[in-house]
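Okay, handing you the structure first.
Order of writing sets the labels: A, B, C, D, E and F. Residues in every chain begin at 1.
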Amino acid sequence: MNYYDWNQEQAKTYLKRKDMIVLLPVGAIEVHGDHLPLDTDCKLAERIARKVEEQLGEEKCAILPCIPYGQVWSLGDVPGSIHIADKVLSSYLYEIIKSLERSGVKRMAIINSHMGNGAAIKTAMRKAYEDSSNIKVYQFTYPEANSVIQKVCTTKRSHEILFHADEIETSYMLYLAPESVDMKKAICQEIDFPEEYDFTSIKWSEFMEKAVLGDAASASAEKGKKIIDAVVEKIVTVLKGADINGKYTGN
Amino acid sequence: MNYYDWNQEQAKTYLKRKDMIVLLPVGAIEVHGDHLPLDTDCKLAERIARKVEEQLGEEKCAILPCIPYGQVWSLGDVPGSIHIADKVLSSYLYEIIKSLERSGVKRMAIINSHMGNGAAIKTAMRKAYEDSSNIKVYQFTYPEANSVIQKVCTTKRSHEILFHADEIETSYMLYLAPESVDMKKAICQEIDFPEEYDFTSIKWSEFMEKAVLGDAASASAEKGKKIIDAVVEKIVTVLKGADINGKYTGN
Amino acid sequence: MNYYDWNQEQAKTYLKRKDMIVLLPVGAIEVHGDHLPLDTDCKLAERIARKVEEQLGEEKCAILPCIPYGQVWSLGDVPGSIHIADKVLSSYLYEIIKSLERSGVKRMAIINSHMGNGAAIKTAMRKAYEDSSNIKVYQFTYPEANSVIQKVCTTKRSHEILFHADEIETSYMLYLAPESVDMKKAICQEIDFPEEYDFTSIKWSEFMEKAVLGDAASASAEKGKKIIDAVVEKIVTVLKGADINGKYTGN
Amino acid sequence: MNYYDWNQEQAKTYLKRKDMIVLLPVGAIEVHGDHLPLDTDCKLAERIARKVEEQLGEEKCAILPCIPYGQVWSLGDVPGSIHIADKVLSSYLYEIIKSLERSGVKRMAIINSHMGNGAAIKTAMRKAYEDSSNIKVYQFTYPEANSVIQKVCTTKRSHEILFHADEIETSYMLYLAPESVDMKKAICQEIDFPEEYDFTSIKWSEFMEKAVLGDAASASAEKGKKIIDAVVEKIVTVLKGADINGKYTGN
Amino acid sequence: MNYYDWNQEQAKTYLKRKDMIVLLPVGAIEVHGDHLPLDTDCKLAERIARKVEEQLGEEKCAILPCIPYGQVWSLGDVPGSIHIADKVLSSYLYEIIKSLERSGVKRMAIINSHMGNGAAIKTAMRKAYEDSSNIKVYQFTYPEANSVIQKVCTTKRSHEILFHADEIETSYMLYLAPESVDMKKAICQEIDFPEEYDFTSIKWSEFMEKAVLGDAASASAEKGKKIIDAVVEKIVTVLKGADINGKYTGN
Amino acid sequence: MNYYDWNQEQAKTYLKRKDMIVLLPVGAIEVHGDHLPLDTDCKLAERIARKVEEQLGEEKCAILPCIPYGQVWSLGDVPGSIHIADKVLSSYLYEIIKSLERSGVKRMAIINSHMGNGAAIKTAMRKAYEDSSNIKVYQFTYPEANSVIQKVCTTKRSHEILFHADEIETSYMLYLAPESVDMKKAICQEIDFPEEYDFTSIKWSEFMEKAVLGDAASASAEKGKKIIDAVVEKIVTVLKGADINGKYTGN
């Protein structure tokens, strides 16, 4: 269900159900080369949430509006990107968590599509935990993707952990939001990260112009489907596990 | 244009245009009785922005994704509402303003549909002004609506200034987002505000159950059109004025 | 009574009275043209508090020292004005509220004479409310003045809502603190607010030199008396209402 | 001169004078036994400022309204006291300093009568210094008083450094504000500070009931005059020194 | 060299050398089972710094005192652990970075031995970067360790990424600080992380009693040497690279 | 005992002892002329703590790692000094206090050797007190030193209260850490503090080059012993007093 479509009566009724899980997609507005739109991460978060809802059952799932603006430090100086500082983003998230708790929600899951949001999400979750909040908060940032990527993707990654507008992310989009991809503009570029990259603060604009971390042209909806289906399955498994044994339902 | 649909090249090109105005809709997730959805304010902000774009010309207007979560103090304790504290919301807005400034944007307009957001918006705008930011920021919260409301609306208002899910706001929705209104559930209730209401902190739940401030049933798309068209015209006039004489373009 | 004149024993005795109301005048130091002094707002707040005390009865009313420095954003860049940022002023107010609560005070009323202080006062009051503070806080910024102004004042206002060192405020001073008014220097000037004034951040110094918003020369003590007496009556009515039915006495 | 009595023209004229010194009295609202009022510290700060003005010459001195509420940690839990946390008080002071700097003031002196305000004042002064503020800020908290006290006062002090509503402070009041002293209620009590007092956080209410730190009854206006005259002389000497050699005038 | 052993003259001389690198060890006080002391992470950070100094040459390296208290969220509720919140730790680090910058230091490297400190270090580094600080800051948390661990360590890891008081960390200590290890108390325990561990906030005390993440008994100085030598080599390579080409020396 | 040497079991056992006192040395990294090292204050705090432990009995005392970086405002602009702002240092201290409280510690004593740390320590202690923390916190900054200094030291002090790298502090070092003193470089210089020094913000670099406040050459271990032994005795007396009567043990 869409949380935001509810009227007052529905909100009251649905939010007190013990088996209800509220999903909060969190994206970003960030340049992704010329074949993907600025709101790529928003679309990914929203549609993964939709797929999770399909698996969990509509009646147990409420999807919140996506938080559109996230932490975009590395590409924050490139025109088009909008950057929210960690502490501001974590406070914004925290306010949402506390509002849901006040509404009686027992479990929520943050569906995050942008690695840069990770630190802010962790901070908000820990703050809610330390408050002894009566709500259990999960976050998922493509769980299980790495093992499938290693099997499915065929091109060299520019960085061991990072991916961006490349074979991986473009495949996600071809599967989840193909209408927003312009494969004619998908480029292949090998990015040479400075050796010191992992050890100091460097903006990406210092060593790349077009924000594409590899071979976007080799992306395909099939690759995207394989990875994202595994991601969704993992999310659903964890959320169902919490559901069944009830060990961590926040009481 | 939709800011969020742009690719990297388009963002670079469009954002350096001197006559470009970026529009940022700001809404809220808040209970609005049983005839309107929780995201009523988001829909209103987004669609007013769309109408402003129509008037200004698509090539001069870029619409950002709506900020969905706003300051909902008065109804923040009613299940379904999500409340963002003033200082968090103003910081979130400020980060967006500064990102746009870094991108070279000269003028932006916040299209706000929810009165509760007013203080946070003002704080963010003043902070940007004090920074000597090289961007001119406007905010519009239904300008000119009051004079038209007095002519168009027929039912008694429960409060001199406040309106909520009543004849006024329901008319806005019937005009701008009729697919989201369920007029069968539109009620009429007279709310008796405590005499001390304007002078102390009181949550609405202390004196009303259903969050409807008057006679929603008397709303109509025609009424909404008259008010909103005047609102849009005022916004466009102010933004065009700034455009023509260039007096306040932020340089 | 003057709160500040009490000795330790009196403070202990008086503050635990259930029917005691503590009044806190809040003013500002701000330029008001050449016929009014910088502390005009302090004088107004203090003397309105004194009139409220007369009506409520001295034994039920304790007047605190006036907070002399307030939020003076719009005129903050004119020599003489002293500006306190919203968040600092609200924290300062909050500390006072909490101290009174610790002292056992059940009700306090902030007598505010300066519109710029409004946001900070609201923030402090809401924070105390959210703390479940055992004190009820009121704020009054010339309640009921508008309807009387429309009847009593004869000159055109430069702005629909704002007033400053004009017929209105000068009349207040002629009634409440005539010794501080120099009518020989009272000028009449029509201020042409920029059309965009209500929609963006603009300091008053951008469009006026002398900080007078209209026709100060047409002010009179009689006009001031009519407005202020209505203001005081409204304050007293609200505070007595709270007193009698005890509905909101904070327990 | 009284800063607060100025009109706009006077403020503009006087504040740009290079030899102008602005004095800011800072007091507190705090219990002082039964022979002194809650605003004792306000009266002391204001009247010392007045004496400094007499010495420096009225045309070189502008006295601001007293900040009435200060940091009252040690007695903050006794009904009547109003406590402002250090960080709030220092921010409030800082805003005033920055406003004066914007007005063109080159030198200001904080006339402080309450030791508890010391840390907040220091923080505000250092922050202004680090900003490379173009204003020189002084603070004076009874300079030179100790050496005169040793000669003039005859009764045993309960604490080596602290004094409060005792022979010392009561003498100050008898000299500076005799109309506010009720010597019939002046008591003599020896306070036995816990040995660990200087090494841990203890509120005074843990070891005394009436907030009097010694023998108030032995106070006299003569004693007060001797001490305060030395205090004022020291303040004037330091401020004149700065004046004459101009070494630290902030440019 | 030891930064802290310098006198004033030496500090002045050495810190203005362009080829000087200042090393800041950052550890933690945290329980590590019964075979390792609470300050295990401090010893590791200090001694890795010492080994880096050996390789870089004493004259080019200044070692600061270790920051002993770090972010210990996961084990923060176990007696003995001392936890510093992320924002406090990052501010503390930032102050040190800015002080070094004021002293003229061009490059510094944070030698961190505790993964929990990672977010705070990153925040401090980015803040310094955004300030356009004239200092280049590196951080190293066992770089290159993972690939060597896979070759050298023989026992199963309880968690893919985390290690703590297990074969890995105990080997580090046997190599770097053998005098502080009591292998008689080294236990082997397999920790069963909850499936949801990576997706929600869980303290370790919820699923383990003794803070040992695997088989400490299989540790050896030889294993530690192989891993740590690779770590040190990587650090030295990155720092020398920066040294030679001077590309990122912060000017 | 050294807190940091404990293993997990020992931490658990020792920290729940009711008679255990945890000692936290707090120092600074600051220039001290050419005869003393930058970490002079760290060495002093650590070794005074060690002497307190000797007197209290090892089994009742746990010494934490020294906080090496403190508030060094006055000398913060001299190369080598590292300055931590008051609010950062007090937050860092507060986190440690709260961690100890969570561990069950009932009493802790901050052994501070650097006057600049005083305000931050006081703030942290008061914050813990206001939290109704179940831990009693003491701070000691050379208690009783002044009276002994007057008897023992023979040279003129440059400032009534301040001492730094002079006869006093150098004597402390000759007694407590003679291996770190280079008396050949001990100078004697008379510092002429500006008359306004105590009344405004001035860095020491404005009036001295070498950070020595008097005659370091006249220092001796004997002088240091006399003063420090009195300091230690006072600390022990206060801590034992708390121990015996248990009046302020935090319960």
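The criterion applied here is as follows: a residue touches a chain if its C-beta (ideal position, glycine included) is under 8 Å from a C-beta of that chain, and two chains touch if they have at least 3 such contacts.
Owing to the predicted nature of the structure, the values given are computational and were not obtained by experimental measurement.
Visitor: Keeping to the contact definition above, tell me which chains border both chain A and chain E.
Guide: none
Visitor: Moving only between chains that touch, what is the shortest number of steps from chain A to chain F?
Guide: Counted as steps through touching chains, the separation is 2.
Visitor: Tell me which of D-F, E-F or C-D has the interface of A-E again, with more than half the contact pairs shared?
Guide: D-F
Visitor: Report which interface contains more C-beta contacts, comparing C-D against B-C.
Guide: C-D
Visitor: What's the rotation, in steps of 5°, that superposes chain D's Cα atoms on chain F?
Guide: Between chain D and chain F the superposing rotation measures out at 180 degrees.
Visitor: Relative to chain E, which chain has the most distant C-alpha mean position?
Guide: Farthest from chain E by mean C-alpha position: C.
Visitor: How many angstrom lie between the CA centroids of chain C and chain E, rounded to a whole number?
Guide: Using C-alpha averages as centres, the distance is 57 Å.
Visitor: Can you work out the whole-Å distance between the CA centroids of chain C and chain F?
Guide: That gives a centre separation of 49 Å.
Visitor: How big is the gap, in whole Å, between where the Cα atoms of chain A centre and where those of chain B centre?
Guide: 27
Visitor: With chains as vertices and touches as edges, which is it: line, ring, star, complete or other?
Guide: Shape of the chain contacts: a ring, since each chain touches exactly two and the loop closes.
Visitor: In which sequence are the chains arranged about the ring, given a start at chain A and a first step to chain E?
Guide: The chains follow each other as A, E, F, D, C, B, starting at chain A and passing chain E next.
Visitor: Quick one: which bits of chain A touch chain E in the complex? Just the residue numbers, please.
Guide: So the residues of chain A in touch with chain E come to 73, 86-87, 119, 122-123, 125-126, 128-129, 136-140, 143, 194-196, 198-202, 237-238, 241-242, 248.
Visitor: With touch defined as at the start, can you tell me which chain D residues reach chain C in the complex?
Guide: Result: residues 3-9, 11-12, 15-16, 29, 31-39, 42, 64-69, 76-85, 88-89, 91-92, 95-96, 99-100, 102-104, 180, 182, 185, 210-211 of chain D touch chain C.
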